[in-house]
Amino acid sequence: MARRLVVKRSSKKGKPPGSLVHIGAPSDAPAHLRLIRYDQHALHDQPLNAIQALPDLKQDQVTWLNIDGVHQGAVIEALGERFKLHPLALEDVLNTDQRAKVDEYQGYLYLVMRMLRFDPVSQQIQSEQLSLVLGDNYVLSLQERPGDVFDSVRERLQAGRRIRFLQADYLAYALLDAVVDHYFAVLEHLGEAIENLEDELISNPTPQTLGRIHHFKREMLLLRKSVWPLREVLLRLSRDDSKLIKPETQIFMRDVYDHSIHVMDTIDTLRELLVGMLDLYLSSVSHKMNQVMKVLTIIATLFMPLTFLAGVYGMNFEHMPELAWPWAYPAVLLLMLAIAGGLLWAFRRRGWL
Amino acid sequence: MARRLVVKRSSKKGKPPGSLVHIGAPSDAPAHLRLIRYDQHALHDQPLNAIQALPDLKQDQVTWLNIDGVHQGAVIEALGERFKLHPLALEDVLNTDQRAKVDEYQGYLYLVMRMLRFDPVSQQIQSEQLSLVLGDNYVLSLQERPGDVFDSVRERLQAGRRIRFLQADYLAYALLDAVVDHYFAVLEHLGEAIENLEDELISNPTPQTLGRIHHFKREMLLLRKSVWPLREVLLRLSRDDSKLIKPETQIFMRDVYDHSIHVMDTIDTLRELLVGMLDLYLSSVSHKMNQVMKVLTIIATLFMPLTFLAGVYGMNFEHMPELAWPWAYPAVLLLMLAIAGGLLWAFRRRGWL
Amino acid sequence: MARRLVVKRSSKKGKPPGSLVHIGAPSDAPAHLRLIRYDQHALHDQPLNAIQALPDLKQDQVTWLNIDGVHQGAVIEALGERFKLHPLALEDVLNTDQRAKVDEYQGYLYLVMRMLRFDPVSQQIQSEQLSLVLGDNYVLSLQERPGDVFDSVRERLQAGRRIRFLQADYLAYALLDAVVDHYFAVLEHLGEAIENLEDELISNPTPQTLGRIHHFKREMLLLRKSVWPLREVLLRLSRDDSKLIKPETQIFMRDVYDHSIHVMDTIDTLRELLVGMLDLYLSSVSHKMNQVMKVLTIIATLFMPLTFLAGVYGMNFEHMPELAWPWAYPAVLLLMLAIAGGLLWAFRRRGWL
Amino acid sequence: MARRLVVKRSSKKGKPPGSLVHIGAPSDAPAHLRLIRYDQHALHDQPLNAIQALPDLKQDQVTWLNIDGVHQGAVIEALGERFKLHPLALEDVLNTDQRAKVDEYQGYLYLVMRMLRFDPVSQQIQSEQLSLVLGDNYVLSLQERPGDVFDSVRERLQAGRRIRFLQADYLAYALLDAVVDHYFAVLEHLGEAIENLEDELISNPTPQTLGRIHHFKREMLLLRKSVWPLREVLLRLSRDDSKLIKPETQIFMRDVYDHSIHVMDTIDTLRELLVGMLDLYLSSVSHKMNQVMKVLTIIATLFMPLTFLAGVYGMNFEHMPELAWPWAYPAVLLLMLAIAGGLLWAFRRRGWL
Amino acid sequence: MARRLVVKRSSKKGKPPGSLVHIGAPSDAPAHLRLIRYDQHALHDQPLNAIQALPDLKQDQVTWLNIDGVHQGAVIEALGERFKLHPLALEDVLNTDQRAKVDEYQGYLYLVMRMLRFDPVSQQIQSEQLSLVLGDNYVLSLQERPGDVFDSVRERLQAGRRIRFLQADYLAYALLDAVVDHYFAVLEHLGEAIENLEDELISNPTPQTLGRIHHFKREMLLLRKSVWPLREVLLRLSRDDSKLIKPETQIFMRDVYDHSIHVMDTIDTLRELLVGMLDLYLSSVSHKMNQVMKVLTIIATLFMPLTFLAGVYGMNFEHMPELAWPWAYPAVLLLMLAIAGGLLWAFRRRGWL
């Protein structure tokens, strides 16, 4: 288990608050910038070399700037200057071990959350931090790595659907919705794997089963740690008065909020299921041990008296009249058979066989 | 265990919010529509072929349109157009893995909840999603499959009782009440099965008992997952100011709310009972193992010294004076008897026999 | 365990809300009515044959009508007509599986709660539903069976004490106080039985002990299920503005509320004690098993080497020089003694003896 | 365990509310009254024979009347008349099984709480009920038995410190502070005993250890039951507007409140520690059992094959060529040695030795 | 385990509230005072011999006085007089077993919290109490021992960064931030140690593993006890209206608050992980015992029948025809081989080998 539940941020300790030091897995990959500008009539989609190449924002257009690779501090700093972002917000972008939250600054909202994917090979959740900045007519999305869950949003933008007629707050909603929809996808995979494990547990528990129950409990811990604070964020977005989110978009935010609660409910249900599975496993181990003990006891109880009897007639006393009787040997063999039969009958009556 | 705690909604992932894609068990069955219109004087009950065949609503009449088979997206779309429903509400109707909730839209309330039935053969809860749309003078009820819990409501409507003198909000209440009453029915079956299992556990626990405790814990998880959010829905219906629910109906809503709390209390009590039963089972397994160990120990302790004694006199030394004594053999047999008797007496004093 | 945690209400399912169907243990016993009217000068106490025989209420008199036997639907219906009670309240009276609650209707309060008694023979809590209707100058009390906890209230009324100078709301308080006082009585019995069981557990645990721990956990579940919702009822009565309860009576209601919290605290303490007792029991079982294992191991470890030695000299090889030595036999016996002594010394050093 | 978690109050059941019946351990000892009156200039400290001997209160003096022995109902009744106390408050004074609470009456506050002491001999918490009545310029303190935690307060009064310049509410604060300070003292003793037990558990667990863990869990239950409600009382005293407690005293009340939270935190920490110790104990028992099993298995595995081999050459067949071989006996002995050695080597490789 | 979860404060018991008695580890070391005064133009950093040597505060300068060694009551008393601190605040400074809290006094805020460090040698958290007094233009920081977590703050002050342009409230924030940042550092170490332990648990559990799980659970208890109340303190600082903390600093306080929640989340996650590890360990112990039992059972089941057979043919009956058969001996040996083979085959089929 190479992943860490606690991300190292020692490099940060002792730096002034707001200092732009990247915390997270180090990387040398360059940052990728992609600019999408649209209104109901047209859409421009272009890669960008640097923040400096960003054209002026137009008021009647929605601008969506996506940046992959927040480890490139210089890019983030340039972005901060261009959009006049608060140092604390920039620090949060770079510190990729954030708890989901929303902070309202002068003129823009800063949101941070985790974007999850399920890796079917390692059966682990892959986690990445996503920061969103929602301004009056622009959305900035900042990710750790290339590859995201927003392809469907881009397709809808290209296709010129309803989203093109609406403002930046609706775009932010669409991105949030895509993130939460992927939580469901992760849950689906986990749920399926857990229920498969449950079937396996009932039919054929192995020592590995326990390790896998532990593994899934760990994944659920991670998932819960990501979703729980996002729930509060979405509640605030759907309730608070903020000029940046229009009332008609709040209805949609409430819908994502409902989804996030549904995710939490399912996580809790799966967690309780895992606890129940652990009980089941432990008890099946107890049961097996019981079976082994029974076999041992039956064998010992069966042969000890017989061996004793054989031992008695193996004694070398000179005066043992039975030894001379012609039918003594078969009689003793019969007696042994009778004892064995009687014991087996007693075992069967006790329900041990 | 074929049922899934997490329903697949992957087909949905990446679709725009509000897109009408059915999520749930696929089916080709046609949708069934049934229209009931009534006032205190008359009641018309008729099947409908299509939404398009729906007559205009009259203001002084209550219209109840029931649709079985929400997987028929076209029907739902037509319904949405006819009643001007919000795309999010329509999406929720089709997505049959919803958490119970109530959303207030312009001119109507949208409610979604789970309708439960207990299948005595599989000892499992059968679950189906029910959506209700409560307008000024109409109620739409949307189900996944034919067959529901509303026969009693229909009978009361036919019989011309009080319900005929009241408005659409009272009809909605009557439907909610029928749903919650069925939760009690499910609980009754589960409670009876669990208490039977408890009796069995005390009189004759078997390895299967544990699997059944696990099974019932799982069913309680499912039940709780359905009832818990409905409780909040009913609280809001009985408290919030909404033009669509009159104050005199709110008294009735409060009553259903009380029932839902009672259901929750009983679920929690049964869950705690199941936990207690698990403890009891595990400890009865321990106790049995103890008994087996005792038998083994008694047998081993009894025969090991005797066999050793027999072994001693089976040795072939030339100079063993006892071997020649005439009374040695019966004396050794007596000694063995004395040892066995002494050990048995010691066991009895220790309470092992 | 004949009692059910979930009461059958199937007969009710499908009936319109407010329909007067009795839910609970069926009975043919007639209903008993007892009317007490009093003011500070006089008190009239008389049995009543029927609701119809009830005289008109006088404004300056407190009327207390007690009915034993709510299964007699006709009586309840007549009562409902006479006092103009809401159908939902009447339904709750008949449905004897109610959660404690208070409902405020026009002109009266409807309270429902459970009245508990401890049966020392079966060591079980006997439970009965009590409904109270508190009007301006009357109190109706409705019970399932004859026999209640109100004798002390009747005595105080007869004796002409302070209660005679006060209004109907104080009478209601006195009845509530008597109910909660009986919860304490039940707790006293349970607490004593549990602490006796704890002593027994420490001095001499038996397999029956576990069943009894389970039994008491079950009783605590039932008790908690009764008291928990009553607590909320009493809080509302001591806080809410209601014309029916005067401020000077609210002080008394607050006192009963404090008592109910005290009951809850004690229940929780006893529940935690029972959990601790279960741990203690399971661990004492483990300990016993350990002892048994030790005995087995000591015996086996002692005799196996000796028996092996005897076996060696029981072999029939022609060339075993030791067999011919004159002192071989006593030497081997001494060797055996030495081995046994050495092992015993080793066991003692390991603390096994 | 002679102490009861539930105090008998059956003698009370059926009495009218407010009836002055003592509930608690019966006693014949007379009540002791001690009157302290002070202002910044002088202090009078005198025993009192009866309530009737109490001089009139002076407005500019603080009067502190302490009564040991609330079982003397007559004294309490006289006190009630003299200070015009509400019957419910008097009832609470006599009922020495109260949950901590504060009740505001016309012109005075009534507080009740538990005063705890740790008896190092029985390792048990000794508990006594303390009632405080805080009036405008007087404090009444009512205890069950002589001996209390207030000596330090009396000393400070004698010494003429700040407390002499302040009012009755500050005196009440000083008494509360002394009570909570003693909770810390109890916790210190318990904490020390528990941590000693933890050391013992790690170095040398015995069956008695478990009983002592259970004992301390029980004491923590009792302690928690006393402190938890007091916390609420102190919160109310430090927050609520009451003419009887001045704002400058509320700062001090907040300080006692903080102390009570600290006590609760420590109780919870110790409880969790005890749970961890139980796990540790149970697992050390498992581990010991494992060791015993290993010894048994090693012995059995070692000697069973050897004994079998000896048995084979003890058979009496006429045609066993090995028996006649001159080197057969030492060869068999060597073979036995080799088998034993091989097995021991296998055990060591498995890590059993 | 020499550290105590409960610090002795008996020396305090019975003292008047506000009395300046040091509670904590006794020490004779002298107190160290260090005075830093700065504005945006200049910074003066100097040690101080005594409080009396403190120059007058200038309004346009921020004064930070740090004191190491609060056990020197005289120093604290002098400080109290100089800054007119409330006796309760001084008492809290000296009592080094405080729960984190913030108290607002006239003209200054008093904060107390724990400063944590992880000692990698003993694998234990080292804890020290830190008191902060935030006045209009000064900050007092009071520690138990020399050595703290504020070096980075001092460096930033020296370097003349933003912090030099801001007020005393920002300095207080910077100190709080440094404290919480060190919590992350402690968590990192603990998290790494726990995850290493998890790997060890899966690959090679030893009896010591359990003791270490217990050790880390204990450390998490201590950590949680420190962080939990600090969280509330930070929430109040970021929300409450206080003239001493400016709105622009509150944004920063909110950021520290978010960090503290993140710390709590991680603590809870690690605690749950530890619980899961305990289950895993216990079950691996069970599994090992199962293995041992299996070996024992296999050996016993294999050799008991064979030994019995050898015993039979070791009997000395005169009439045992088999003994004379020439091929009897090899036939019996073959039979024994067949029995052993058959048993081994049966074991393999049961999955025991």
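So that you can tell them apart, the chains are marked A, B, C, D and E in the order they are listed, and the count of residues begins at 1 in each.
In this text, contacts are C-beta pairs under 8 Å (C-beta built on N, C-alpha and C of every residue); 3 or more make two chains touch, one makes a residue touch a chain.
Bear in mind the structure is a predicted one, so any value in this text is a computation, not a measurement.
Enquirer: What chains do chain A and chain C have as common neighbours?
Expert: Chains touching both chain A and chain C: B.
Enquirer: Quick check: superposing chain C onto chain E on C-alpha atoms, how many degrees is the rotation, to the nearest 5?
Expert: The rotation relating chain C to chain E comes to 145 degrees.
Enquirer: Centroid from C-alpha atoms only, then distance chain B to chain D, rounded to Å. What do you get?
Expert: Their C-alpha centroids are separated by 42 Å.
Enquirer: Counting in whole Å, what is the centre-to-centre distance of chain A and chain B, each centre being its mean C-alpha position?
Expert: Centre separation, chain A to chain B: 26 Å.
Enquirer: At least two other chains touched by the same residue of chain C: list those residues.
Expert: 286, 289, 293, 296, 300, 304, 307, 311, 314-316, 320
Enquirer: Across the complex, what residues on chain D touch chain C?
Expert: 1, 4-6, 8-10, 12-18, 86, 88, 97-99, 101, 103, 207, 210-211, 214, 217-218, 221-222, 225, 228-229, 278, 281-282, 285-286, 288-289, 292-293, 295-296, 299-300, 302-304, 306-307, 310-311, 313-316, 320, 322-329, 332-333, 336
Enquirer: Across the complex, what residues on chain D touch chain E?
Expert: For chain D paired with chain E, touching residues are 151-152, 155-156, 161-163, 173-174, 177-178, 181-182, 184-185, 187-188, 190-192, 195, 198-199, 202, 251-252, 254-255, 258, 261-262, 265-266, 269-270, 272-273, 276-277, 279-280, 283-284, 286-287, 289-290, 293-294, 296-297, 300-301, 304-305, 307-308, 311-312, 314-320, 352.
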